[in-house]
Structures are given as C-alpha cells and as structure tokens.
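First chain A sits with chain B, and in the next complex the same chain sits with chain C.
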Partner chain A sequence: MADTPKVNLTIEGRPISVPPGTNLIEAAKQAGVLIPHYCYHPGLPVAGVCRMCLVEVEKAPKLAPACATAVAEGQVVHVHSEKARDARKGVLEMLLINHPLDCPICDQSGECELQDYTYQEGRADSRYREPKRFNPVEDFGGDVLYVPNRCILCTRCVRFMGDVAHDEVLNVSERGDRAFIGKFEGKDLTHAWAANVVDLCPVGALLSKDFLNKARAWELDRTASVCTGCSQGCNIIVETRDNVVMRFRPRSNESVNQFFMCDEGRLGYREFNRPTRLEVPSILGPKGHEAVDWDVALEAAARLLRGKRAYVVASPDTSNETLHLLGRLMRKSNGVGLYRVPQGPEAPLPGAPDLALRVDRAANGRGAEALGFTRSDTPFSGLKAGDALILVDQDVTGADLAAVGQASAVIVLASWMPAGLPRAEVVLPIATTVEEEGTLTNLRGRVQRFMQAKAAPGLARPSWFVASDLLGATGESAAYFTAGDVFAAMSAAHEAFAGLSYDTLGMRGLPIAGAMAGATA
Partner chain B sequence: MGYPHKPHPRETVVLSEHFGAAEARSLDGWKTRGGYQALQQALGMEPTAIQQVVKDSGLRGRGGAGFPTGLKWSFMKLGDGKPHYLCCNADESEPGTFKDREIMRWTPHALIEGCAIGAYAIGAEDCYIYIRGEFTEPLEVMERACAEARAAGVTGPNAMGSGKTVNVWVHKGAGAYICGEETALMNSLEGKRGNPRIKPPFPAVAGLFGMPTTINNVETLAAVPHILNKGAEWYKKLSRPDNPKSTGTKLWSVCGNITRPGNYEVQMGFPFGEFLQDLCGGAPNGRKIKAVIPGGSSVPIITWEEAESALMDYEGMVAANTMLGSAGCIVIDDAQSMPKVIARLARFYAHESCAQCTQCREGTAWTTKILERIVAGDGTAEDFDTLLSIADNMTGKTICVLSDSCATPVVSGLQRWKHEFEALITRTTIHAVPALVG
Partner chain C sequence: MAITVKVVDRPIEETSYVRATLSGLANTLKHLLDPHRVTTEYPDEREAISRRWRGTHRMLTTEDGKAKCVACGLCPTVCPANCIKLVPGEDEQGNRYPLVFEIDEFRCIFCGYCQEVCPEEAIHLGRHYENSEFNREAFVYDLERLMAQTHPVTELWDPADPKGE
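Moving on, here comes the complex of A and B:
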C-alpha cells in the first residue's frame, strides 16, 4: 500500500494526500472539511444534480461540483470562499421556494440536511412571492411514505432502487419544477431492502410509516449495535426514547453492510419492546414459581447442577461472552451444548458485495460453533435421563420438547418465559441484546461489538453476568466485572478469538482466526 | 409567396441549392445532382486525411457552440478496438431555428452522405440521426431516403462497394428540447430519460453506450460532402476573407416580425443590417425593428442599433454582444412588449428544464412566475434585483446550459429595455403573499 501513488492537494488551506480518482467531497472529509451536499452519497453512483457541493478550484473557470470532480495534483480548493458560499446560498434558496417549511410537523426535523445547511449558511428570509407548488402525499408501498412538497429531487432513492437494489421502482416523473419522484406503473417499494430510501433521503420527503409521528429526532438516544435478525451482522444504531426502542437504523461498515440494512432487520426492533418480560429470578416451590433473590436462585440452580451432566441449549443470538461461560459449565461436567437456527428465505442486496438477509436468522451461529456448540434442528433429542438442562432461549416453538421430561432439572436463562416449555425449576431473567454489552460473530467470522442501549427491566441482569455468577455458584472461579473481562478470558482460552480484544475490535469488528478477512461471495 | 422562396441574388446557395426540388429527395435525383461522389471518394481515403480536409476548411459546428468540426473528429482515438459512434443531432428545437428541418425535408441524401463520411472519418460503423419528435415530415423523408440508400448499397455492410461498413440509422425523439443537448441525446438514444450527463467524461471518451462518440449538427454534416467535392480552399473562399475563423456559408432561419420569413443561406460575415432589411424585407406594415435575437432563443437579445452594423459570423455576433448560436433569428418590432416576449421565452425554458439541477428546475419556473406577474401588472421594483440575482445563480453552475439559456434573455432584456418593465410596475410595495394553492 505504501507504494500506491498519492495525489497532493490543498483543501481550505489544509494539505492532504489521497489516492488518485478520489472525489473532492471524500478528499475533503479526510482533510476534516465537510463540503455541503445532497445528492452525493458514498454508497450510490454520482449524479451531480443538487449543485450544493460547488466549490472554487483555483485556475478553474467555473465552480466545480465536488462530487463529480476528481482530485488533481497541486489543486487548491476553496470550500468557504465567497463565490462558493454565494452559489450554495442560491441553491438553498431555490430548494426552499417550493418547500412547505413545515419543520414543526416533519419527522425529519432535527436530522434534516436541508434544515442544517439552511441554518448554517442559507438566507434568513425568502424573496419568493409566488404560490408554492403542491402535490399530495403518496404511499410508496412497503414502509415508505412520499411527501413530494418536501422533496429536493436529489434522486438518491431512484439511484438506490435502480443501481443498488436492482429493482426499478422509482423514477423522476415530469420536468421542470413540476418534477416529482414517481413510481413505475404497478410497482411498489416491496423490495426486501427498500426502506433504505428513507435513510438515504436527506430531507423529510421519504418517511417510514412505522416511525411516522412517533418521536422527534432530538429526543432519541443513539447506541451502536449489531442487528440480530440474521447471520449477516449488519451494523446498526439502536434509537431509544424513555427506555423504549423506537427504531433501528443502519450504521455504515464497509466490510459488512455498506450503509444499509434490510427491512426485516429494521422492523426487528419491535421484538425488544414486547411486554411480559421476566423481571425477577424464581424457583419452583410447592406452590408453583416463587420470586426469590438472585443469590437464592443461583444457589438453587447450582445445587440442581451438582453431579449432573450439563445439557445446554442456547439461542444462537446469545453473545460470544455468554456462550464462552456456558461452555465452561458444560465442559466441567462433560456436558454438551447445542443450538437451533431458525431459517427464512434469503434476500440479497445485489448492488452491494456479499450483503443479504441470510437464510440463517440468527446472529451468532458462527460464534457458537467456534465456542464448541453443535448445531442441531432437534437440540433436545439427545437429553439423557438425569441430565440438567440449561435453556438460554426465549423461543422454543416448534422444538422437540418431548425429551425435556427426562431432564433432572430445567434451568432457564431468558428475557421472556419460553412459551410451551413444560417445566422449569429455576428461572433467571436476563437482559436482551439491546440491554447488554457483548460481541457477535457473523457468518464471515467477523466479531463485532454491541453496546447497551437501554436498561433491563426489574432485576434482569446481563446474560454474561448471570452465566458468570452461575459458574461461580458451582465453585468455579469466575470473577468478571465487565463483558470486556469475559471477552479477554475467552480470547485467552479459544484459539479462534486469540489476539482480539474490545480495544482492537473497535466499532467495525475484526475477523476471527481462520475466517477469510473481508470475504466476498 | 411560395415556400421555400426563390433565393435572393445575394444569397450563396450551397446547402440550400436544391431546396424545393422534390426530385432531389430520391437517390437517383440526388445522384444526378452529383450526390455520393464525395462518399465514394471518402471511402477510398484514410480517415485522418478526411479529418485534415475538414480541418483545413475551417468548418465549425452549426448547432450553436461553433466548435471546429475537424478538430472534434480528431479527438476520436482510431484503432482503439472499441466501437465508435457518430450521432447526428437533428433534434432541432431551439425556438426560432428551422434550418435543419429544411435540409432533411429537401435534401435527405445530403445529410446521409455527410453522416456516412463523418462516421467513416471517426472510425464509426454506425451513425444515428436523432430527429426531433415533432418533425413528422422530415422523419418520413429521412426514413425513406435511409432505406433507399441502404437498399442500393450506398450505406450498409459494403458501402458503395468499398468493403467498409457504414450504417446510417434514423431515430425519432419524443419531443423534448433538452434532448438536443448532446449527452441528453445519447441518454435518450439509449432508451433512458433525456437528462444531460456530467462532463467529464466527454463523449469522445465515453459517449453513446459508453463508447467513443462524436455528435454533429445536421447542417455541419450536410456541408461535409461539398467540402470533399470542391476542396477546403473553395469552402474557405465562400466567406469573407477578412475573417478566416468563420468560413463557408450559413443557413439562417428568420421569423417573427419580418416581411419575408424563411431560410436564407448567406456567406459567413454577411452584413446583418442589410440582410434583415434587403433580403428579408425588414419589419412588416411600416414598423421598425426594435430587437433581434440572432441565434435562437438562448442568445442575448440585441437592439436594432446593435444588430444593424453586425456581421453574420461567429466573431461578428460576439462583437455585437450576442452569439451566432444556431442562427435562428427572431425579429421583434416596435409594436411588441419586450417583457411579454421575455416572459414567453422564460416559460419555454421552465417547461423544458429536465429537472436535474436545482438552479434550473426551480430558477426557470421562478423567473417565469415573476415575469408573468410583471406582465400582468402585479410587479414591484424589487423584482428586477431578484430576477438578476436568480439569473446569476442560474449561470455557469449547472450540468448543461439550459439554465444559462433562460437567464440570457432575461439579463440582456433587462439591460436594454428596463424602461418597458418599469412602465408595467404600478405598485410601490410588495403585495400580499398568495395563499398556498391546491
């Protein structure tokens, strides 16, 4: 890489060296300068239509669109010269003349680039004295609503559907100021990745029907996480308000999901808001389940495990950390660990490399495998009489539960009581993925961190914490104070995770040993 | 008066020699008039030699920009292994311009011959003639002539027995002004929406179907056979010797308040005042010519005083504060209201804007609304500043020049006839902002 020739230029007085072919917007980003833009998006082909990114390049006769101008040796670029600012001011004024200026009732308000740049450098008043254009709101199908009056015709949505989703649904209809985003006859935004147009829209023209009028952007807390919808492991942002998950949005990661996430994963946030959570530990007593203190419940569980073979059935959404600790429990008693992977149809995003809603609808199957668990469609069938079953899953629908009766005891670690489970001696409430910290290993072996986005209800505790306490209660040494401690212990114990730590993983993750780094299908 | 008119003695008829002769439309009729000799000769020459002859002739693009044709052809990298294309821009939609229409109606084979020579000279096997959607008769004539030429082996896989492939195809546009912009034309030919493309890459590098492409105007290509037949020197001598930058003849479409409207072919550098008064008969009904738009609606409007002494070539028009453009001359007499004329021109651009670039999409419509409000007697003094400021924002900042073309008549008109605008302003304060309309 060191031999790759670089182009040297100056942007806003800052010298920068970038690879040839880089456009001025990207070069400026590296120099720490934001060139305002609307139609340009790094995940889409360049359109050059909004004319917002006009910059002054010394010795060039006209202002240059930064998105469509490649760097050149010795170039001197002025982003905030009077000429460039005047041009942008002109564009902003033009964008607003037919805009309804309805920020107070617009979902995009607070995260709107039209709002941001107008406040930053637009005119304070309007010189427009004519009637405004009006077009009615249109349902685009899927989760998408189109508000044409707010549209700035940047065509990001058209390009996404055509060039990335390869499903030509949207177009620019009509000409001049009558133009609007239209749908081709008989087509709807039903593509499995269509809702990305809502994120791509820089203004409030394309809105999520699901999120409509639910929250203001400034009320939301944002946390980096990983989608647990399938084995792709798309990087996401969990947005919460008052301890409720309001929506998931994609977080860019070039090695995993570019800038996108699928609609199924996006709506997966609802899972985490389901009511009837397990909030307190309980043990089965003479009068049924009784709520008890954590110490009591853990002690009871440890007693039930004593001298028994641990038979662990874990959800493949469980974090690497928790699975590592459960693995210790299982090995200590020569037990076994199994996981069952729910499946669904695959839905690729053709314009992005190696990106799809995967058949395996589980986030950490690869991690479970690396940590000594065995995949099985009938995980309970191997239960032998006298085995102590540890179930770490809230969903056992359709599983082969008949064998559960053979177990000496059933210890459940779950966020919701698994429906249909015939018995449980000890129930330990755990946090969900959005309520704890940990890592997941995606299908290409990339280990990625997720952060705690909200508090767990009642006495529920992070799953790694409960697994570690359970291990301690059985007499093992398991003094972990953070998920990071568990991860460190795991990387020391497992070859696959050797050399990895929370610090080195960062926010974009790293592949486990033996995984093809940046593998593309 | 019949149409086309009998040429005025001061015209120099080259391209228009056979206008009105119906039999010249047929292949035989064209051949008896010396047709396809130039193609026969060209197919025996090296492409670069043809390029050189055209370069030597000084022929420049007749579509508006006036780029030297031979130089443009030399940008095509011969032998690069890629298919090359020639596009003939017959999407003649510039208001006031109707010269290409007559070339196609009367001398379709002249264009086909020019296209075939041009295609061969740039290493292309295919030439597409993109005809404006509204041109139903020229389309019919061109299609018939193309089929005839192909059936006779003049064009096709073994053009004139040379063993070389030169195909000339006719493609009908759907009636959008913007498709006359060269990259929009290519998009339209590819079956896409006719939106101009960002340049670079330039068409000579990546044009039609992503391949090296040259695009020439009808009149440019129609002049090429004459140049090959009679030589570059002959062509240069057609025009005034004192300006070697503008050579040959130029077809002028004249319309508006003029006694004898129509197409006129005169030498480059012909005196504009004499042209309008003597050849075209001046303004009708004893009126005076007030303003002239010499080169199609996209060029600055000039006063009669400016036009009177101008010379009709690329440089002469620039010296008169305007441009030759496509030589679609619109004459406006003193009975007309300039604000009304300019509002109508702006309305055309607002209607035809492709809607890609913000300044054009919004600016053309905004300009139109203000101008129409002024014409309706509802203008204010502040509107002038706003119009000029919008025009400034619309100039030199967009992908193509449609936006600039809308600003041009507004700025040139406001500079010269501000008093006419002011006379329409009766209000002193800003009127109430109209309510949102549904």
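Moving on, here comes the complex of A and C:
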C-alpha cells in the first residue's frame, strides 16, 4: 500500500510518517518513543480517562492526550518537555493519593505500569496527609480477584468485557473519589476469555487467583511459544521459574490472537507440570520393563519395525518437524498415519475477528493433515495383525484398544506413559512442547514457531530428535542437528511448506501454501 | 672445598648473657607490677562491638508474635550470595506471609543488603558473633530460629546522620 497518503510529523525531534488517523501513542511507538499511558490499549477503544498520556503539541493551546489525538501534517510533539512532564507528575500524584503502596505484597510488583512510571517521572513523596480510602477485596468470579484500593480506574477491564467479550459484567460504580469497578447485579466474570482483564490491568487491581502469591514477576524466565490448547494456535509467552512452568500469558499477534488468550489455554500450563514423567528409554525384557541406553532402545525399536507395516498414531499436538519424520517412517513401509482430535465446546471472543477457543482441542491437526496423516475418531480400528504400532504422545483414554493386541509390537514415544495402554515393547521418552523447539500449523494454516522454555527431565529428548534417530536406526539417512534442519528438509519435501524456513517464519508465523490467509470460518 | 669459619674475638662485655637476662627479668617484673592489661578475659569479659557490626540474622516480629515478613521476595533477589530461600503463602486472613524462609549463614557474606532492601524492616543482621554449632545443617536458620533470636540488631547507618555526612 505504497500509495496510501502519509502524514509527516516530528515526535521528540524524530521525523516520522504514518497513515492519517493514527493516534500519537502509536505514532510515537513507531518513532521509538514511549508515551506513558494507562487507559489506552491497542486492542480496546480509546477512552481518554487516565490523563497519563498528556504531551505538548506545538501551537496547541493546551496539552493533548496522545491516545485521543490524531496525527496532523507538520505536527511537532514534545513528550518529555518540562510542561508535559510536570502535568504527568501531577497525574501520578493524584493516582497515588488512594493507592496503598503495598508493592511488597502486590502480585503486579515488577510488571506494574504505575510502579514504572512513578519511578520514571513521578514525585519522590506524596503531599497527601489524610487517611487513604479503603475498600475490601472482592472476588469477581472466574479466576479474577479485584483489589479496589490499587485500582486507578483506567476502565480497560470494563471496555474489554463490553466491547471485546460482548458480555457486560463490569462497570464503574459510584462517582468521583468513591468510584470503583463494580459488577452488574447477578453477573460474574465467567466468560471464557474473562481472565484477559488480569493482563490488561496496568496495576495490581485485577489479579489471577491461580497465580496469586506464587511468584514474583522478576523471577520468571519468559519464552515465546504457541498455545497447544486448541487449533487456534494463540501466541503465548511461557513463564517459568526453576524449570517449572508458572503461567502462560498471551503474546500479541495481529493475525492470530491480537492481544488475548482464553482462560482454558491460560490454565493449560498445568499440563506441563504433571509429575511421573517418562525419563529413561526402556524395553520390555523377560522381567518386565528395563531401563536401557538410547542406542539399545532405538536398535530394539528398529528391529521391531523391520519388515513390518508402520502404523503411526500421533497426537495432533506433535510438531510439524516430528510429524514429517514420522511420515517418512510410515511411507517407507507403506504404513498409515492417523491422529485423533479431542473435541470441546467452541468459545468465541466476539470483539476480535476470527478468534475463538476452537472445537478441535489440538494445536496441529492442520499440520498433520498437510503432512499426510489421516484424521480418525477410532485410530486403532484399522490396525491389522502384524502391524508395528507407533504411538506418539497419544492419550489413549476412552479409545477402543481391542485391536492393539494384534500389533506385532508397540513402540511408544511419550512424555507421560499413556494410561491404560495394555502393552509397549519399547518406550522412548520425549520432551513436551515447552521443552523443545518446533512449529505448529493452526487451523488457518499459519505455521508458527515455538521455543524451548525449560529443560526436559532425565534422558528425555526432543521428539524430532527421537524421530530422526529412529529413522536413522532403520537405515534411512536422517542426520539432523537442529529442529531448523528438519524444517528445511520438510519444506523441501512437502509442497505445502515450500519456501518457508525458520528465518522467514519469524515470531509471527506465515501461512502454508494453499491456506486462505485471513479467511474467516 | 673445606668450610672455613671466621671467629671474631669480641670483648667479654659484648658476649656475656648476664646483662641481657637481667634486663629481660626487669621487663617482666615491670609488667607484673604494672596495672595496665591488654588481654580481654573472654568469656568473662567482652569487648563492645560497633553499632554497625553485621552478624547473623534476626527476624523481627509484630506485637502478636508473627514475623513482620510479607514474603515480597526482595531479599532473595538482592542477595549476592543467593543464601535466602523464600516460599510465599497466604494465611486465613488473606495476608501474604513466608511459608518457608531460610538463610544459609555459611553462604551469607553479611553484606546487609537484605536488611537495607526490606520494605517491612523485618529481616535484620545482628550485633552478634557467637554462632558455633556442632553440625553444618544447624547453620541454615529457618524462620522459627530467626524469630527466636534476641540479640540486638545492626544499625546499617547512624540514624542521627543517615546520609553519612
């Protein structure tokens, strides 16, 4: 869109040209200048209530709120002029009048915008000597706790529930200095996307009950990843401490999830902390399962696969890379590859285009399909006598396992031993999604990368690594050193992934060939 | 090569030990009679230690006997020796408090940062130096032990001159 007219202006002495209609906060962001703000959020309608984003615009009589001021040709904006700083200092002092300053016990401490801006440009002390207002903590239902004393009434939560979730639950009750965020009579924050208000809250007024008092913001290590809760593939940040996943938070991606993620996905972090992980490879010996070296286990698996038809049942949460290698294993023996997608009710976020908690509760069904796997609700029914069954991270609860007895052998690649599986000749421990690198393809065909957030326990190895070793043990050439190598091989072998690489995917992903980019369901 | 020793013939007043012995005895006698003493008779006597002495920790308590600590996590963050273990929790009244608070006094370098950073003035270093134990484990002080300590606490700066001017 090169012919779109642009508006030229100067912010903090930096010339910039942006499309007309852009507000000053966004324009400044592009110029590399952060204008302090509370009520403004790119995913919400502009309210202009916090007065924190006041900036000086030359030739304008008064300071202008940057969130509600559109750019104009030739405008000269001063963000850090004395007049603007002075105004914001006053705003901060007012916001802090009734703020309890209980940062030591506040969960937001360390990621609090009130803390940051006060530190940056606020007053060192308060001139307010009267007793502070006090309101008790309120349970907002769902996963959300409201601490009214800390609230600065930016109304981001009210606007999210009203304009994005289309479920009017929150309002600003009372007026003036008595104002607080209230719930409408008989309503609760039970919307499937309600916990986003916790992320949106710039201060510690809205807190997650699940995360309450669990960790401090500065102790967490953050890694870019993709949610495996459903086929939407929301971009997330995995936050870990001491090799334990503490929480998931949304990572913004305009093409997928904007700034949000659903509550179910948010609590999906618990999956990755389940105990009783498989930590060592084992083979079935005369005295039951024995722990063995990787070489021995892979050799045993290759022996069991020799001359047999490979019958692969893979979890649709498995990465594209692993599925590609398993696909090679399966085609080598004219085998079949199947996946079963768990289902759940759909929960859309009406205010965001094409964003919902999808019916398909698996992250990579589309990728499995593109890589030659077949979807089936009864993945074991086609198992013929003498087939070698390869189970990849597949949960077998509720599945009809009668046919498993006919298999010549069962080889399991899993992070947790599938409960209820009657037999397994070789068990190979693999890393989970948060412990390895790879890509997932969401329901619109967007291929997105996820990164390793923590170390895998024991001798467990990344699933693509195990799959390539298994392929190597059967005599194929499969010498890959990184997940990126596997991806390169996959894009060379599959039309759908042609032209893609880790470099071109970046952190926001790209659609596969043939995917209708931006199509709505 | 044969070793040759040069023998110097000195007069008797230079080589006699009598004078040196008498002078030493006189010195001893002088100190025996002199009332000024240098030795402190520890443990019957103790030297006064500085108000800024930094010894093993103490956790101060509120009037109702609970630790002042709110488990904000600043001391384990600031600790350069990484010797503080803290697990936060919540009591029945919804107050944040430390479920586990342990200081490994062997790892501690007694820098006093924990006391300086504490927003609640809960953790303090102590003006105290008698810490012997019979095993190493006993040097990991848990919350109960830190609260049970009674020795005076360190003044990291002079309250009359907080900026040290």
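We take it that the second predicted complex is superposed on the first by the 519 of 521 C-alpha atoms of A that agree within 3 Å, B and C clash if a C-alpha of one lies under 4 Å from a C-alpha of the other, contacts with A are read in each partner's own complex, and residues count from 1 in each chain.
Criterion: contacts are C-beta pairs under 8 Å (C-beta built on N, C-alpha and C of every residue); 3 or more make two chains touch, one makes a residue touch a chain.
Bear in mind that the values here come from a model prediction, so they are computed numbers and not experimental data.
Participant: Clash or fit: what happens to chain B and chain C when chain A is overlaid?
Facilitator: Overlaying the two structures gives chain B and chain C room side by side.
Participant: A:V137 contacts which: chain B (first), chain C (second), both, neither?
Facilitator: A:V137 contacts chain C only, not chain B.
Participant: Please indicate which partner A:L95 is in contact with in the superposed arrangement: first for chain B, second for chain C, both, or neither.
Facilitator: Touch partner of A:L95: chain B, not chain C.
Participant: Looking at the overlay, what does A:W218 touch: chain B (first), chain C (second), both, or neither?
Facilitator: second
Participant: Just checking: does A:L401 make contact with chain B only, chain C only, both, or neither of them? Give me first, second, both or neither.
Facilitator: In the superposition, A:L401 contacts neither chain B nor chain C.
Participant: Rounding in steps of 10 degrees, give the angle chain B-chain A-chain C taken between C-alpha centres.
Facilitator: One gets 90 degrees for this angle.
Participant: For A:P104, using the defined touch cut-off, is the partner it touches chain B, chain C, both, or neither? Pick first, second, both or neither.
Facilitator: After superposition on chain A, A:P104 lies in contact with chain C alone.
Participant: Using the superposition described at the top, determine whether chain B or chain C touches more residues of chain A.
Facilitator: B
Participant: Examine A:V172 and indicate which partner it touches, taking first as chain B and second as chain C; both and neither are also allowed.
Facilitator: A:V172 sits against chain B, while chain C stays out of touch.
Participant: Which value, in Å, gives the least CA distance between chain B and chain C in the superposed three-chain arrangement?
Facilitator: 15
Participant: Which chain C residues qualify as touching chain A in the complex?
Facilitator: It comes out as residues 70-74, 77, 88-90, 94-96, 119-120.
Participant: How about chain A: which of its residues touch chain B in the complex?
Facilitator: 46-52, 54, 62-63, 65, 68, 87, 90-91, 93-95, 97-98, 100, 127-132, 134, 152-153, 155, 171-172, 174-179
Participant: Per the contact definition, I'd like the list of chain A residues that touch chain C in the complex.
Facilitator: 103-105, 109, 137, 212-214, 216, 218-219
Participant: Please name which positions on chain B make contact with chain A in the complex.
Facilitator: 176, 178, 193, 198, 350-359, 361-366, 369-370, 373, 382, 386, 389, 392-393, 396-399, 430-431, 433-438
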